[in-house]
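I have placed the structure first, in the form of structure tokens, so that the comments after it can refer back to it.
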Amino acid sequence: MKQLTVSAETETPMVPKKLPAYRQASRLTHPQDTIVNLGTYAIGGPEFIVMAGPCSVEADPQMLGTAWEVKMSGAHILRGGAFKPRSSPYSFQGLAEDGLKLLAKARELTGLGIVTEVMDSSDVDLVESYADILQVGARNSQNFTLLKRLGKANKPVLLKRGLMNTVEEFLCSAEYVLAGGNHQVILCERGIRTFETSTRNTLDLSSILAIKEKSHLPVIVDPSHASGKANYVGPLSKASLAVGADGLMIEVHCAPEIALCDGDESLLPEQFKELMLSLTELAPHFGRSISTLTQKEPSAANNGW
Amino acid sequence: MKQLTVSAETETPMVPKKLPAYRQASRLTHPQDTIVNLGTYAIGGPEFIVMAGPCSVEADPQMLGTAWEVKMSGAHILRGGAFKPRSSPYSFQGLAEDGLKLLAKARELTGLGIVTEVMDSSDVDLVESYADILQVGARNSQNFTLLKRLGKANKPVLLKRGLMNTVEEFLCSAEYVLAGGNHQVILCERGIRTFETSTRNTLDLSSILAIKEKSHLPVIVDPSHASGKANYVGPLSKASLAVGADGLMIEVHCAPEIALCDGDESLLPEQFKELMLSLTELAPHFGRSISTLTQKEPSAANNGW
Amino acid sequence: MKQLTVSAETETPMVPKKLPAYRQASRLTHPQDTIVNLGTYAIGGPEFIVMAGPCSVEADPQMLGTAWEVKMSGAHILRGGAFKPRSSPYSFQGLAEDGLKLLAKARELTGLGIVTEVMDSSDVDLVESYADILQVGARNSQNFTLLKRLGKANKPVLLKRGLMNTVEEFLCSAEYVLAGGNHQVILCERGIRTFETSTRNTLDLSSILAIKEKSHLPVIVDPSHASGKANYVGPLSKASLAVGADGLMIEVHCAPEIALCDGDESLLPEQFKELMLSLTELAPHFGRSISTLTQKEPSAANNGW
Amino acid sequence: MKQLTVSAETETPMVPKKLPAYRQASRLTHPQDTIVNLGTYAIGGPEFIVMAGPCSVEADPQMLGTAWEVKMSGAHILRGGAFKPRSSPYSFQGLAEDGLKLLAKARELTGLGIVTEVMDSSDVDLVESYADILQVGARNSQNFTLLKRLGKANKPVLLKRGLMNTVEEFLCSAEYVLAGGNHQVILCERGIRTFETSTRNTLDLSSILAIKEKSHLPVIVDPSHASGKANYVGPLSKASLAVGADGLMIEVHCAPEIALCDGDESLLPEQFKELMLSLTELAPHFGRSISTLTQKEPSAANNGW
């Protein structure tokens, strides 16, 4: 990870007064884009990074099957939830460590790095021992104890925007991680809550521009959770590329109709493949590239794990 | 204008019970896309239509200069407000008929069709005598008396989404015009009001998908009013193309720093030109085209007025 | 009507720079509370004013029956819509002038002043010839042509807050009327649009405090439209009294289950009577009074029409 | 604590299908009001309960002085934050255990029970060893790991509504605690996030009615955080009483101008005293009472700790 020009420890006497509360996340203290490296991939660079997989890890064949499918379709990173934040206590809560083990198995099989959610400071040690990227969900976007703990983690953090967080508050949440010493933070726009009901949330693509203007951190988009509708995911993915996001997080499920969670918004593997082909073709027109489908041997080896 | 399969007069006994309140605007009664023709251009077809010009018509050189600039840069239609809805009664309220006359002069000069706002039912006769497209602003999106009157107009209507309107309410507003017999309605997403403050409004690009799913009416995007920031207009324009909008409405001003209205969000003519070049290049990758810059002679003649 | 200390014509050279855009509506230019007089009642003074009646004027017995009921229960002013702004063009749109005539008949019968909505500038002459207070609905809160026209009206204006208007924008809308020379403006909080769905809108009672702080204009509350639920109207009415509103606007219908509009939120006459008895008892504890039920002869005569 | 008619373990085969996701929190399974007892006070009964104190515990004299003041003014329970969730990592984060010790000292001095926030599941043991009521803040309203842990706690839980939570989601969060076996849950409305900026949040008093309709749990109001303005706290407190809330949570600070947190919204002790006198006088008119100021000896003894 590159060095920040201003460190948390020494900055106070140096900084001019106008710095925002998210001072380390601000472009004012760190003009260059931050790049988060994961294996051979660089998030925040010219490669347009796609994280894909099921909403939740459910069972061996579902997870491994989907993992292999997204790998073959060109995804860079595998997503899947082992700890699931659900509005109702009676909904499926995830497989916990068993889910993490399945994710690790899927990584072995595919060579894909894995991103998975951690819901509580006390679970960070466990999740960190399996995951390559630690995800903070929208409902924990201001769980400051968790964010502080992640400031001491050795893995990159993927921080989702809270449903009611302004861009500035979002950057302040990132600041909690940076202030703890962990500078590998990836932001994720996933829709905010508004009065509109035709989509689950309102995807705020302008926030990508506001984040890029105010901050050096990479930012990706989750069109699946934002819209809640599988048939909106493709066009919103292309719009995310067009507006300047650094990548995507997309839900893919082998059998969305029996998914334990969020089936309505999951792409089928073949839909995902088609989308990846489109994005690969479109990316160069927006100064980006997707290299996974053009590599000769899409084997586990070339991710460098 | 093509014929609607179901007319307002005869439908009642025919329609099944599940039709939405916006029955004529619904794809259920009219599966094919509606195309609104203006001169040689077709809004809602493969041509990606760009309407551009100053927020308000201010004076002769400003209007004619900007008109010529946007024409030369490839805009299809000229925008400009002669009647301005302003939050404060002490703000510039527009030049009224003098503004309409300037717009007509700009049309003569450039051959571009003109779109301009009408704020009240009692002004429709006047505005209709000058304009090619009658615009309804966001604050009048549920001014039902005005909408009813426009149902009797002979010109296409450009209806902006209200800051507070759901997609379904937006379509109900369009239904007022359709129910009156005017089927030439173009919708315009221009951002909704949310808690986020880094942009003036929150551009809801998912609404394009919801509108295309529910309705056959063409829909364009106004990234200038949505964001309130000139440097966001380019990326949001590209995202609008990518998500499937039928066109754009963009503010361009020769001297944004002295604009009487909305200078912060206006592009300079050279910025607009650069954007049009990009969009022209990008459009084919999204199944669209922009023909204005590739025509041999971008003269007034080829708009066919 | 009392004189404003600063008139629209002469203020410009006098006012300090920090005045808000709603300068005549601001307490800075007019520290004393404005009182709008209607017959023997003063809106904005110690009397807690209750406007009540059906959402829409539907027919002779409905209107006259309800009018008499609300009069006997202590209402000060009769409400009822002859022009109805409806989301759908196929919903009941009101009886127009026939409705106004029925309202006038109800006034004759009961002696109650009448407040009714005007939806368009071209209808102001007509509505003004019947109504005692001209109401502007939430969807027309920024219909500036209408507001300007009302600035020239000779009747008080009841201006409802738009579903997406901030308090400051609300005061700017009032300013349009004041700037035209009509200083008899009554504001009405009726709920704003939020993500919450358990009520139709979210009643913002804090806005009463913000309005009282920033402006001298009287402000009442409409708990019927805000909540959309008849059983919420009583408690919200008491809360409105408690927070400092100057009065209420309440929907009452003889047979809510067959109302053509908003039946779910209408009180039955006996529920309204019970509420008026409670409010009359409670008012003195909040520095207010309701005199209608304690007058010896609640006849038409004592309203002074 | 009274018994719930349906226990978490056995309900599944019994319950009809239409139960909401918040089945134990629902009135359908538990029609009678839940009452949470704390010392001699019953929250959810006729006594209108007032929790008061500084936003954060700052230092010995501040805490003990304010504690004594609120006790003498009639507060039932002392509030104060030892763990503070702050948007910025560089803001004062609370005194942690030292703050809890000061709160315990204040309880000894005044006899008031104490309510204080717990931010993370790993802190529950510690906070539970000091506090009488465990508060969950708005930003942790969907921190499900924390809520599950509190389901196993032996102290009542005060759950604040999240800025982005609908009433139904709020009840689902309560359900997490109930499902764990802890039935002593108090809800707290503290404003939701909207577009309005004249108050910090928009206090949704209608939610009190929705909660009372849907659930048996007691609900109080925090007008201090909702409004962010000390001069709004009094009127909003009275409106909360009028609408049917079971109590209040109010910020009081001896020297708001030097408070480390939220000084703008804190009442001075004398303002709080005046408010308590008003509320005590008003309560009987709303079927409530406040007994603390009418007891002969407001000593530590009579709280029964």
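Note that the chains are named A, B, C and D in the order they appear, and that numbering of residues resets to 1 at the start of each chain.
Basically, a contact is a pair of C-beta atoms (placed from the backbone, for glycine too) under 8 Å apart; a residue touches a chain by one contact, two chains touch by 3 or more.
All values derive from a computational prediction rather than experimental measurement.
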Proportion of interface numbers common to subunit C and subunit D (over half same, under half different): same
Which of the two pairs, A-D or A-B, is linked by more C-beta contacts? A-B
With chain centres taken as the means of their Cα atoms, state the distance from subunit A to subunit C in Å. 50
Between subunit A and subunit B, centroid-to-centroid distance (C-alpha), Å: 36
In subunit D, residues with contacts to at least two other chains: 164, 193-195
Classify the chain contact graph as line, ring, star, complete or other. complete
In the complex, subunit C touches subunit D at residues 164, 166-168, 192, 194-199, 202-210, 213-214, 226-227, 229, 231-232, 235-236, 238-244, 281-282, 285-286
For the complex, which residues does subunit C have touching subunit A? 193-195
Sites on subunit B touched by subunit C in the complex: 21-23, 85-91, 119-123, 139-140, 142-148, 162-164, 169, 172-173, 175-176, 179, 193
